[in-house]
Amino acid sequence: MTISAAEASEQVRRKDIRDRWLLSAPALILIAVAGVGPLLIVVLYSFLAPGNYGDVKWQFSTDAWFSVLFTRDIFDDTLSIADAHLSIFWRSIKLAIATTGLCVAFGFPTAYFIATRPSHNRQIWLFLITIPFWTNMLIRAFAIQEVIRNEGIVNTLLMKLGLIAAPIPMMFSDFAILLGMTYVFLPLMVLPLYASIEKLDFRLIEAAYDLYASRWNVLFRVIVPLVKPGLIAGAILVFIPALSSYVIPRVLGGGKNLMIGNLIELQFGQGRNWPLGASLSVTLVIIVLVAMLYYVKNASKSGGAHG
Amino acid sequence: MHQQPAGTTRGGDIDMQNVVKDFGHFRAVDNVSLKIASNEFFTLLGPSGCGKTTLLRMLAGFEMPTGGKILLDKADISLLPPNRRPINTVFQNYALFPHMTVAENIGFGLKMLGRPKAEIEKVTQDMLRLVQLEARGKHLVTQLSGGQQQRVALARALAPQPKVLLLDEPLSALDLKLRKSMQIELKRLQMETGITFVFVTHDQEEALTMSDRIAVMSEGKVRQVGAPDAIYDRPADRFVADFIGETNFLAADVVSVNGNVARVRLASGKEIAARFAEGTQPSGKVTVVIRPEHARAAAVSAEADLKGTIQTIVYLGTDTHIHAVLEDGTHFTVRQQNSRSGPCGFSTGEQIGIHMSDDVAQILRD
Amino acid sequence: MAKPFSVRRVPGFSTIAMICFIGLYLPIVTLVIYAFNAGTSIAIWEGFSLRWFQSAWNNAQVIDASIRSLQIAVTASVVATVVATMAAIATTRTVQYRGLTFKYAFINLPLLVPEIVTAVALLIFFSRVKVWTGYSGLGYLIAAHAAFCVPFAYLPIRARLESMDLTLERAAADLYATPFQAFRYVTLPLLWPGVLAGFMLGFVISLDDVVITEFVKSGGQDTLPTYMLGQLRRVVTPEMNAISTVFLLLSFAIVTIFFFLSRTEKTS
């Protein structure tokens, strides 16, 4: 035996790490090639000029980035703010925030309700929340469409009851998008909130009542601060997919009520402006990353406060 | 180099030479050299974190030593993976495979060695009989009680007839009564099979009951190796004396040395005889240890070796512990056996004289 | 009438929760009911009939898209499960080493990127590759689906591995099992529920995908969701409800199996 024990154990350690890289290589390569790697090409494309029939011309250009925010007048070459884009960004953000708010309003009581059931029933209630989550989003959007369309059951019912004479138009509006997104993303709010509330120490609530807190005070001064990590997690989980939603506005918003996702798609379809689509995509990713960083910062802060 | 473990009728002997194990900057095992004879029941005893489990894991092959060598029957096994060592382990939490039956667990080792089905079957039955679980072969291990799981773990490790069996605190999860009967059971199995047992524990009583020899460890080093009575009666240093049993420490001056017995003068001015470890030459100021059961409390008299005031009296059923403070402020405990007539008959605050029989004091190595 | 005081109760919460549960299921139930409508309307009930199921069954486009959906979902989720299992083994139960955090983050990255952006990126990339290689088969869809299924398959497998007792494999090695035998006889059987859960999550996620498929597919490569998306632009008949009903049933069955699988895991 020529090698020392120390060398041998170092060799074993190195081989172990090499094996671990080999084992994880297929997953990493798959994600790099067919997942997130092509995002780099999107960044590249955002700095090129549009081709005549879609695709790009291989020349450097910052026009796409420019036109995310500004439009150049075709006659006198003056600059003005790109109202069309900004209003779509603004609508997307408003809708995503409203969706998050509605999901908190409905999701918090629901999560609290589940967490306070006897433990053997909790799994069943949780299961009922998870099922819609795992069913096709398109089908769920379609289901909402059936409920609120002019000939849908809500309008039909109201008319049969004689409450309204003509159907209330609800489809193809911001309201329809908001309803659809709340419906689709609600489980994403309930699940992390449930995880937080389930860990809640109810002796703290007893202590609060013991110290003369009202129900209102108990809710907002004890329960909500304690489940804040779950609340933030849920808010991020709802806000991000809501902001980048594509299917819901397409099915429920019709052609006019666009969100960022549809605006991006448009550049690759009728718009034939791939660089603009690429720069809009990068902008969306940046917004999402900022939201994520905010979440991570808050999560580590509240984690630090507890331990 | 790989020896077929089955068919051996005697255990292997282990020779650890200057074994070192570092985890980063932490030295878990510090230059340990130990020889364990074949057929021996050898115990590694020490508080948690003393390196005994790391040493055991190096014997099993789960850790590679950072330095030194481990020989089994004169062959170097330091770098062999665990599946190529004729050494089996009984794990602390048993590590029984939850997806297998009792019989499948016991037969696993032989199956991995590629033994014929008939042999596996036969050995498994033998093992089930050995640990008195004949009726449980088809049960899932998760359906067994803690004590039964313990016996399955033992049978599984014995089935491939290893040269050495390693036991990592295997009794710590059992209740007191079961632990006592398993101690006797383990000793019986070791003598019947003739396999070398290396047993790791932090329980001194367990170590004293079962072992042929004990190595006391602390901070990665072996402090003393010896038979249980030698370790108990003649602790080599303060750590061993303190860790095993209850002990009184007294400061003393060496007056004279004659052969392997020294005369020392205690703080009370009385001289007593004290033994010392071979190869040492005590002189000047030393510490002597006296076990509480080797001292006797009596009314104050001129003959008493020590004088003190009783601080507390603790009644323990068979014995009574008398905690006293000596004239110079040292604490001293006397353990007195209770007689029919009741406890010791002293009361708190009373002055007592403490007597020692000859030859019970031991001078500690510095 | 006042309810006895309970520290756990917050007034109104149970009512809102019930509204949520009803709200979640009412649209789906309505959708399923109208799949059995005899008339051509999806709003006016004209009696019970299975005609729309029959009509969907006879619709070559629907059958074609369904078969393609299943092909992609099975292939992609098998690939995703295999690579995710390997990655999970490589990233759990180890001392910290350089690149471990990177691997963990990278595998979960597809969950963070908005789907529409991934779809656009793949459209750009694959359209180039299609031109270079001349190949325009199902491989692109399968690769794209497999990639976004990896994190879903990875999470339950990783969770299962982390809760698994490392000493079991040590015990196997101690009992003369080679590393391969230890994996085959001990690790894999114990890991199996996690692998199965990962596979089913991947399968459902792949089956449901619309956005990425819509952008990556070549001509004539409609899956059931993209076919439905195209149909929703037109006048919708209860045939859509019938297709949705079958689809829902399949998802429901898989999620139920998944639920009970993870339940028995906890109790054992």
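Labels A, B and C are assigned to the chains in the order they are written; within every chain, residues are numbered from 1.
We take it that contacts are C-beta pairs under 8 Å (C-beta built on N, C-alpha and C of every residue); 3 or more make two chains touch, one makes a residue touch a chain.
Keep in mind the model is a prediction, meaning the values are calculated, not measured.
Interface comparison, A-B versus A-C: the higher number of contacting C-beta pairs is recorded for A-C.
The chain closest to the protein's centre is C, with centres computed as averages of CA atoms.
Our note on geometry: chain B versus chain C, Cα centroid distance of 56 Å, whole angstroms. Rounded to whole angstrom, the centroid-to-centroid distance between chain A and chain B, based on C-alpha atoms, equals 61 Å.
The geometric centre of chain A is 17 Å away from that of chain C, both derived from CA atoms.
Within chain C, contacts with two or more other chains are made by no residue at all. Partner chain A is touched in their complex by these residues of chain B: 64-69, 76, 78-79.
Every residue of chain A that touches chain C in the complex is listed here, in rising order: 16-17, 19-24, 26-28, 30-39, 41-42, 45, 55, 105-107, 109-110, 112-114, 116, 123, 127-132, 134-140, 142-147, 149, 151-153, 156, 183, 186, 190, 202, 205-206, 209, 215, 218-219, 223, 240-241, 243-244, 246-247, 250-251, 260-261, 264-265, 268, 274, 277-278, 281, 284-285, 288-289, 292.
Note for the complex: chain A touches chain B at residues 1, 4-6, 8-9, 12.
On the chain C side of its complex with chain A, the touching residues are 7-14, 16-17, 19-21, 23-28, 30-31, 34, 41-44, 79-80, 82-84, 86-87, 89-91, 94, 97, 99, 103, 106-107, 109-110, 112-118, 120-125, 127, 140, 143-144, 146-148, 150, 154, 204, 207-208, 210-211, 215, 225, 228-229, 232, 236, 240-241, 244, 247-248, 251-252, 254-255, 259, 263.
If you check the complex, the residues on chain B that touch chain C are 5, 60-62, 81-84, 87-89, 91, 93, 95-99, 108-109, 112-113, 142, 156-157, 160.
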